[in-house]
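Here chain A shows up in two complexes: once beside chain B, once beside chain C.
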Partner chain A sequence: MSIAVITDTLASMIRMATPLMLMALGGLLCQRAGVFNIALEGFSLVGAFAAIAVVQFTGGSVWAGLLGAMVIGAVYSSLYALFVTKFKADNIIASIAMNMLGAGLTSYLLRTIFNVQGAYSPDEIHKLSMIKIPIIKDIPILSCLSGQSIVTYFAIIMVVVIYVVLFKTKIGLSICAVGESEVAAKTAGIKPNLIKWQVVLMSGALCGLAGAYLSTISVSQFSEDMIQGRGFNAFTAFVFGNAHPVFASLVTLLFGFADAIGIRIELLGMNISPSIIKMFPFVFAIIALMISSYTSKLKKLGVIGNKKKKEKTA
Partner chain B sequence: MKNKNDSKIMSAARVVGKQISLIVLALLFATVFLAVSGYEPFAILNGITESLTVDIAGTIRWATPLILSGLAICVTYKAEVFNLGVDGQIYMGAAAATAVAVIMPESMNHGVSVVVIFLTAMAAGAAFAMIPALMKVYLGTDVIVSTLLLNFVAELFIEYLVTGPLKSPEENMNMNASKVLNENTWLPRISFLEPSSANIGIYIAIVLMLFLTFVFFRTAFGHEIRIVGANPVLARYAGIKPKKTILQVMGLSGAIGGIVGAIEVTAVQHRLLAAFNPDFGFDGIVVSLLANNNPIGVLFSGIFFGALKNGGINMERITDVPSAITDIVTAIIFIIISAKFILPKIRNPKMKKVRSSEGGK
Partner chain C sequence: MAVAVEMLNISKFYPGVIANDNVSLSVNEGEILGLIGENGAGKSTMMNMLYGMTQPDEGVIKLFGKEVHIQSPNMAIKLGIGMVHQHFMLMPNLSVLQNIILGNTPTKHGLIDVKQAKNKIEEIMETYDLPISLDEKIYQLSVGEKQRVEIIKALYREAKVLILDEPTAVLTPQETDKLLDVLRELKKRGCAIIFITHKLREVMAITDEIVVMRKGVVTGSLSTSEANTGGLSDMIVGRKVDLEIPRGEYQPGETVLNVENIHALNQRGLPALNGVNLKVARGEIVGIAGVEGNGQAELIEVISGMLRPTEGKVILKGEDVTNKDVRQRREDGLSHIPEDRLGMGTAVNCSIRDNLILNRYYQRPYCKNGILDNKKLHQLSEELCKDFGVKTPDSTYKLGTLSGGNMQKVVFAREMDANPDFLIAAQPTRGVDIGAIESIHHKIMEVRDSNRGVLLVSAELDEILSLSDRILVMYEGEIVAEFKRGEADERTMGTYMTGAKRQGGENNEE
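Up next is the complex of A and B:
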């Protein structure tokens, strides 16, 4: 394989991993605070729709679309936060309901606002130009890092920010404390519900941005089956990555790689059905899930590792 | 004794009353929602009323898969296994049913071929449900996530089948589907409900409902399921193997999912379509939860959701109200069920325990 092909594959891996990374970051914040959030899928779908709607009404501004998607994503997730905190809703059922509501709402609004079914492209869209990083863009292979969209760089910065916030600040400590034991956290003067609101809204905003990336940067349209299980893949990614921002992001790169390889195989014209290729990320995710549950089982049995504390988030 | 029976009836009535108030609340939301977005506000109510009176046939068509999916869910939820993979099991059942139906010779006896098709579909559904079940039993993998991921694998597998091995040989057909199956493989429709595609699958659903009610409340196996669901540690002391029970309920659930797939293929579509399944599995969760995971209740809540779905589709045809409003109603019912404030008694107190242990993984 030539260097150009490798660079190209890596670049598309990063492109594919960007939305997963954003979703996984949102999800792991919730996980750390003890909120079981598999509504990432629904949040992102709403974000994808919001982005296209905002782009349409601002005459093609993708910037406004990205921002609007984050805000609307957070607003949508506040419903989940309300049910999880105030009404003590079962997290699993509430998040599946949020996914269903997201699908229903976007489909309904697509008909009501744009009067179309299935998919909609805005009349006018000013695509963002990709950012070329000066020196890196000339280094072979590493140049895959250059020429990505602003959202990708934002995601990478967010990995660092969330790492610092989680492990080096008081807020991060509170988040983890709530996840470990709500009662203990309360005794320490932390308000668990406030923390939960914060992490859920944050995940809503991040997922909204992930959805906006898919609808305004990857392509220029919204379609009803846009997210295609990426939210669940992102969930697996942070479970496999131990709810650690850096590890989780590396896992999303792995899933992005599965996607990129699929595209490459398609381009090479090998005789594999595209449906089978689309299965790759899910099969990767299932294998990752098996490995992570197996290792955590071994840890629990005391076969490997002796860090007692980690088990809870592992 | 009489007192005990009375209180039983009273508590059942209270449960039913609560569930009905929940439906009313969700429909109220939807009505306001329709009014705000400038549609005929009572469209959804009219749709449901019509579905339960004039167009009962359409309701039965939709209620059949919903009741069966609800039963598939309630089997596992009784044992506190969060199986979200009924959709995948439906797909696999449909795939197996189609594969068998395609190679079934035209001269084969009608009854025999339908039975063979359904048995294969059940086996396929059960086998597919075994994947997450075995992962759970041997690796401790969270069933929630594994089943969610497997749904996509199954859906893509169907897409592969209808664009590849099972693709219809017809020229210039612009949909992804298999060829139309021979008539001797069709599950009969109910003649007096023609032209709707309501079929004798509804009888299968009712028989299965009665069978499961018997199993749950009158057999040792049903008792085991409930003990495992309530307290796996206690179950082990009582000599029950929770792992075995998990495999059994997942297998049973998968087999029921397979039946749904087979019905959709052999009675409704008469061919395998790429996207034939509008998330019956997820709707089945609401059907089962609204019925408090009780098989008899599943029958009624299945009929309600069937009427809702059918009403939404009719409504879209007559007025311009998008049928997606029915998904919104379903989601609202779903999210209200998740909350404890309305249903403090109905919700199983153990559920929270499962969450904290499973969510930790």
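Up next is the complex of A and C:
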């Protein structure tokens, strides 16, 4: 394989990973605060629709679309936050409801607002130009980092920001505390529900942006069920990444890589059925979950990690 | 000295229950108040109101003379109230430092100022002699160390009033002594302390004033100097209590249980028992003392047939039962009161009747050709409830509706009705109140006096000392000491429990 092909594949990997990364960041924030959020799929779908709707009504502004998607994603997620805090709903059931509502709501609005079924492209859309980074763009292989969209760079910055927030700030400590033990956090003077609201809204905004990326940057249209399981892959990524922003993002890159390779194989015409290739990220996800459950089991049993504890009990 | 806390005419009502009825108490600066009473007497509700977890329906709370309405723990903390909860309020996967600064975090440029926090905590540790490593995760700590973290946490928030909810329930005698020293130091520095406990000896040792509660009201309020343990326990229960359980003469008969050189692994696959030998004869109670997690749980599982040993033999009534399963052993005359009452001892969502018959529902006459005889079962369960004093209107109620003490009576009734030759009683009085403890102790003594064997495993040294004919101390999966009744006191046993000494070992001084 030539360097050009490798670079191209890696660039594609990053593009594929961007929405996953945003969703996973939102998901892991919730996870840290003890909210089991598998509604990432639904949040993103609403975001994807909102972006296209805003683009349409602002005469083609993708910027407005991205911003609008974040706001509407957060508004939509507030419903979920209400369910899990005020009404103490089962997190999983509420997530499923949010996913189903998202699918139904977007296809309903597609019909009532735009009077179409299946998919809609706005009349006018001013696509964002990709950002070329000087110097890096001329380095072989590394140049895959250049020429990405603003959302990708935002996602990478968010990885760092969320890392710092979670592990170096007061609010991060409160988030982790609520996730560890709600009662204990309460006695320390923290309001668990307030924290949960914050992380859920944040995940709504991040997922909204992820959806907008798919509908306004990857392509220029909204189609029904266009998230196609990415929300669940993002979930897998942050579980496998131990709800750590850096590790979770690396896992999303792995999934992005699987996607990218799949497309390359298809393009090269290697006589493998496209449906098998489309399975790649999911196969990766299953393997990832198996590995993570196995290692966490070993950890629990004290076979790996917890060196000190092992010495104590042995 | 100035009054620190006054809780005046406090009442708290829950649907159908009066948790507190016109209760008043007060603590001065530099004074320790002992708050005692049975489970459900309303002590915790009082303290939860003081700590802002819930609000009183009637009455006034005053802090340093000023009336306050404490709406949340956050507010209580700001007012200078600290609480060490019975169930530690710590995050197992966070570090000691993070746990301490949680909710009161110093920051610099928006980030946590670790250095400032460390300095402040180290100063506290030094002043009160409470050493602990700040970077360790909570799950790596022992119970005593966890409690130390809780106390440092309260001091870090500059608590002037400190509430301790049964702080010694989980400590060894040595750790308890250490805690009492810390409390004395706090007292000297003007801290007002409210100390909730079941252990009257500690109340007598450390408090200045005592308030006794029962069924939501104050039944006694007196100075420690005027109090004695007998009087206090009568006030707690509301009637005369036999602290001494009458016992027949010690006449050990034939050996009913013989455990030979047992080795076993725990759930993590690490050695938990390293060659345990013990015998229990008919007509005796053998007590096993030890800090939890030193192999007691595994030993019970091996004897009852839930865990296969890797080496060694279990002999019940002269017959090797090492390879027999639980049901066979039970049919051979073994009964077992498990330490984990909710998980292992009962099925909480089943009826009391079903729970009473769990160990022999398949036998005649309760079951014929696979069909249960409900009439007979009902008759039996009603009788058992009456005999064992289970307080319930009807045995068809769910077991979960009962209090801890009554649940334990159900377990007891079931295990005793099987008419065992040998009884394992693990933590039989954990979490039950003084009244129920008394009746459970009487039942255990009855088993012994009717010429059957009892193996008693308990974390309560008082219980071990008052009931056992022989006492074995377990440490790290071995029996490190044996005493006859009356030979040992808490202090000497404590040194064996913590591994500081062992009989027949290199540190032997006896």
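Methods note: the second predicted complex is superposed on the first by the 306 of 314 C-alpha atoms of A that agree within 3 Å, B and C clash if a C-alpha of one lies under 4 Å from a C-alpha of the other, contacts with A are read in each partner's own complex, and residues count from 1 in each chain.
Keep this in mind: contacts are C-beta pairs under 8 Å (C-beta built on N, C-alpha and C of every residue); 3 or more make two chains touch, one makes a residue touch a chain.
Bear in mind that the values here come from a model prediction, so they are computed numbers and not experimental data.
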In the superposition on chain A, see if there is space for chain B and chain C together, and answer fit or clash. fit
Please work out whether A:129 is in contact with chain B alone, chain C alone, both, or neither, and reply first, second, both or neither. neither
Contact-wise, after the overlay, does A:296 reach chain B, chain C, both or neither (first, second, both, neither)? first
Give the label of whichever partner, chain B or chain C, reaches more residues of chain A. B
Does the superposition put A:173 against chain B (first), chain C (second), both, or neither? second
Considering only the touch criterion stated at the top, classify A:183 as touching first (chain B), second (chain C), both, or neither. second
Regarding the shared-chain residue A:271, is it in contact with chain B (first), chain C (second), both, or neither? neither
By the touch definition at the top of the document, which applies to A:2: first (chain B), second (chain C), both, or neither? neither
After the superposition, what is the least C-alpha distance between chain B and chain C in whole angstrom? 6
Where on chain A do the contacts from chain B and from chain C line up? 312-314
Can you list the residues on chain B that touch chain A in the complex? 37-39, 82, 84, 135, 139-142, 144-146, 148-153, 156-157, 159-160, 163-164, 279, 282, 285, 289, 322, 324-328, 330-332, 334-335, 337-341, 347, 351-352, 355-356, 358-361
Tell me, which parts of chain A touch chain B in their complex? 31, 34, 36, 38, 79, 83, 87-94, 96-98, 100-101, 103-105, 107-108, 111-112, 228-229, 232-233, 235-236, 239, 273, 275-276, 278-279, 282-283, 285-286, 289-290, 292-294, 296-297, 311-314
Contacts from chain C onto chain A in the complex sit at residues 51, 53, 72-74, 77-78, 83, 85, 88-94, 98, 101-105, 107, 110-112, 136, 139-140, 153, 267-270, 293
Using the touch definition up top, name the residues of chain A that touch chain C in the complex. 164, 168-170, 173-174, 176-177, 180-181, 183-191, 301-302, 306, 308-309, 312-314
